[in-house]
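Below is one structure; the comments refer to it alone.
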Amino acid sequence: MRVTISRKAHFNAAHRLHNEHWSEEKNNKIFGKCNNPHYHGHNYDLVVSVTGDIDPDTGYVMDAKILKDLIKAEVEEALDHKNLNLEVPEFKSLNPTAEYIAVVIWNKLKPHLDASHDLSVTLYETPRNYVTYNG
Amino acid sequence: MRVTISRKAHFNAAHRLHNEHWSEEKNNKIFGKCNNPHYHGHNYDLVVSVTGDIDPDTGYVMDAKILKDLIKAEVEEALDHKNLNLEVPEFKSLNPTAEYIAVVIWNKLKPHLDASHDLSVTLYETPRNYVTYNG
Amino acid sequence: MRVTISRKAHFNAAHRLHNEHWSEEKNNKIFGKCNNPHYHGHNYDLVVSVTGDIDPDTGYVMDAKILKDLIKAEVEEALDHKNLNLEVPEFKSLNPTAEYIAVVIWNKLKPHLDASHDLSVTLYETPRNYVTYNG
Amino acid sequence: MRVTISRKAHFNAAHRLHNEHWSEEKNNKIFGKCNNPHYHGHNYDLVVSVTGDIDPDTGYVMDAKILKDLIKAEVEEALDHKNLNLEVPEFKSLNPTAEYIAVVIWNKLKPHLDASHDLSVTLYETPRNYVTYNG
Amino acid sequence: MRVTISRKAHFNAAHRLHNEHWSEEKNNKIFGKCNNPHYHGHNYDLVVSVTGDIDPDTGYVMDAKILKDLIKAEVEEALDHKNLNLEVPEFKSLNPTAEYIAVVIWNKLKPHLDASHDLSVTLYETPRNYVTYNG
Amino acid sequence: MRVTISRKAHFNAAHRLHNEHWSEEKNNKIFGKCNNPHYHGHNYDLVVSVTGDIDPDTGYVMDAKILKDLIKAEVEEALDHKNLNLEVPEFKSLNPTAEYIAVVIWNKLKPHLDASHDLSVTLYETPRNYVTYNG
């Protein structure tokens, strides 16, 4: 009996979309208002989904409290109330688009999970725009 | 790194469920209040999901603004504030159920996407009833 | 101890905004796509709020089941899956805007409540547009 | 044209997480406040998804009204306003975690569906914790 | 400049509606499934709203973190994962309807607020049924 | 027949809470992570509510399209994808707390409304924290 458990979390952060190899004009054309050099920000909503077998002793795939604490330690501590471009090492050389933020979060969480578990990360940049990365 | 990006949109429309090859009695029995000859309507909420590789230059699978504009041009212009049965050619000979509306929307969008991209369409007829079509 | 109890409900309907004393041109200018002669429609979400004293025997201001049944009998039966312009007598001579639909619902419900109870009606035409009428 | 239709439902229930083969101390350590012997409870939100071919006569994969009635008869009647541990036979020897409740619901619904239909059950224990079981 | 700040919180609890002065028959008639002697439960969502003047030094009516901690200490500690009838002293002689739970929460919070602040408590028993108490 | 119409909107922005008359230590103590000198950000959700009499010719208190355009011109153009501290003149000498942002929005909108209309502004800084200002 393989079941997926999902946990919602959120964090707030500032960011700017920018490609340092491009001219200012091209950055403006491609990223528009998201290229604002003074940054803008989002309430990012996050859904972390872990798929695995039910442990018959607990009835859990994984204790939701452990998953909540893992998200807090690995994701919220690193990203919440941060300027992603300036304060998060992974985005020193990576554009902090929703796509890459989801990949970074997936990479932060995966090593802490049981090897038999599958991981999926969904990140809402706004309630109407979101991305999903399954590794 | 294959990622799915999703964009929500919505439109309002009137429709009537009806099979012209059936008697009025059978239409009433199968479609109930949805067969009302004077039409009823919905706020349709739409989620369009596109799966592809991240472009390393932009950090995008696809620019969400382009996807938003595509949905506006191909779906909202065709369906918003319309009577689906009377004003939308695809439903001249197709019952405008949520299932078929999702298929029609998928067919409208797919030709405009990169051939390497997968498309999924989820359509909410009400907040409690929705359908998903992946092609 | 005066408390307000609220109950959510919903109905789907078709409508058209139109002023019969105006030219087609003026109707188009003022009501835009909402003037479509073939109708369009909405999922209307409704919140009915009743304020009164707590009955110490039950702990209720009013039994939520009775309020639910009242909304069903007086509002949903009259409006759900209907064409408001063609099938609802109140809108024969009244434009079915969200404002007037809220007033009509308030008038339908008020006579069935205890005279000591206050009534408020909130009607969502879409998740982003709504109106409130308190009598 | 294989389409998934989804229907949301909900029920309220009391439960307690407990492993009768463990000491009180271990139950407390593993299940925390969820082990409260006086029970606690939830508004469980349920999404039932059925995947199949569109019937060209109706335009439906399955009549949403039939799915709604099936969920009511098989799930809501059995679980709504119940104490899962004391009143639901399946949980006499099964811990009523979200994972196992989803499995029980899947098993209740599957025999009533067309053999060609796939079934997925998503159960929200809270708005931030949910599980999915696909059989 | 008088502004209202609102903070959402939630707790899960079991309860039973019952009037000990009534016969079992009358309790069943009035409270229906909510009278189940084995209890049922809810995810209660809570909105606490405090109205006051903006402090020009902070720009806050009240620090949202302090309000969050106050709700946690006074409401969540007392009610979360509890059986309201058996474990919460206020409901020893008070029926734990949504109305009375809102009044109890208001009474728990008011003494901890600045005397110049107004307090409003909204309690959702389900997403479709909620109550508001303003003192 | 005095009715309130409400329109939802949203904008994304970066900000930092800071009192320039305080020491770094005191700013840290009072504003915590919100004092991050590199800024953080939010998806601000906005509800603008206008109360007035129904115009019998249109059935509107105010055309929702006009209200939408007014919010776009006066609020979204000024605040969306901006750094509130650095780019919005009103916050040069005002701390951009949710409270003061709501007051600023109210002041931007009020002069554009009919004098007989009442205005209320609700601003969500996160889905769980919001403020309301009625002038």
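Going in written order, the chains are labelled A, B, C, D, E and F, and every chain counts its residues from 1.
Operating definition for what follows: a residue touches a chain if its C-beta (ideal position, glycine included) is under 8 Å from a C-beta of that chain, and two chains touch if they have at least 3 such contacts.
Given the structure is predicted, the values throughout are model-derived calculations rather than measurements.
Residues touching across the chain E and chain F pair largely diverge in numbering: under half of the numbers involved belong to both copies. Centroid to centroid, with C-alpha atoms defining each point, chain D and chain F lie 41 Å apart.
Chain A and chain F have centres, each the mean of its CA atoms, that are 28 Å apart. Touching two or more other chains at once are residues 127 of chain A. A complete list of chain pairs in contact reads A-B, A-D, A-F, B-C, B-D, C-E, C-F, D-E, E-F. Those residues of chain B that touch chain A in the complex are listed here as 1-9, 49, 54, 57-61, 63-65.
Considering their complex, residues 10, 12-15, 33-34, 36, 38-43, 80-83, 86-87, 126-127 of chain B touch chain C.
For chain C in complex with chain F, the touching residues are 17, 19, 30-32, 94-100, 102-103, 127-134.
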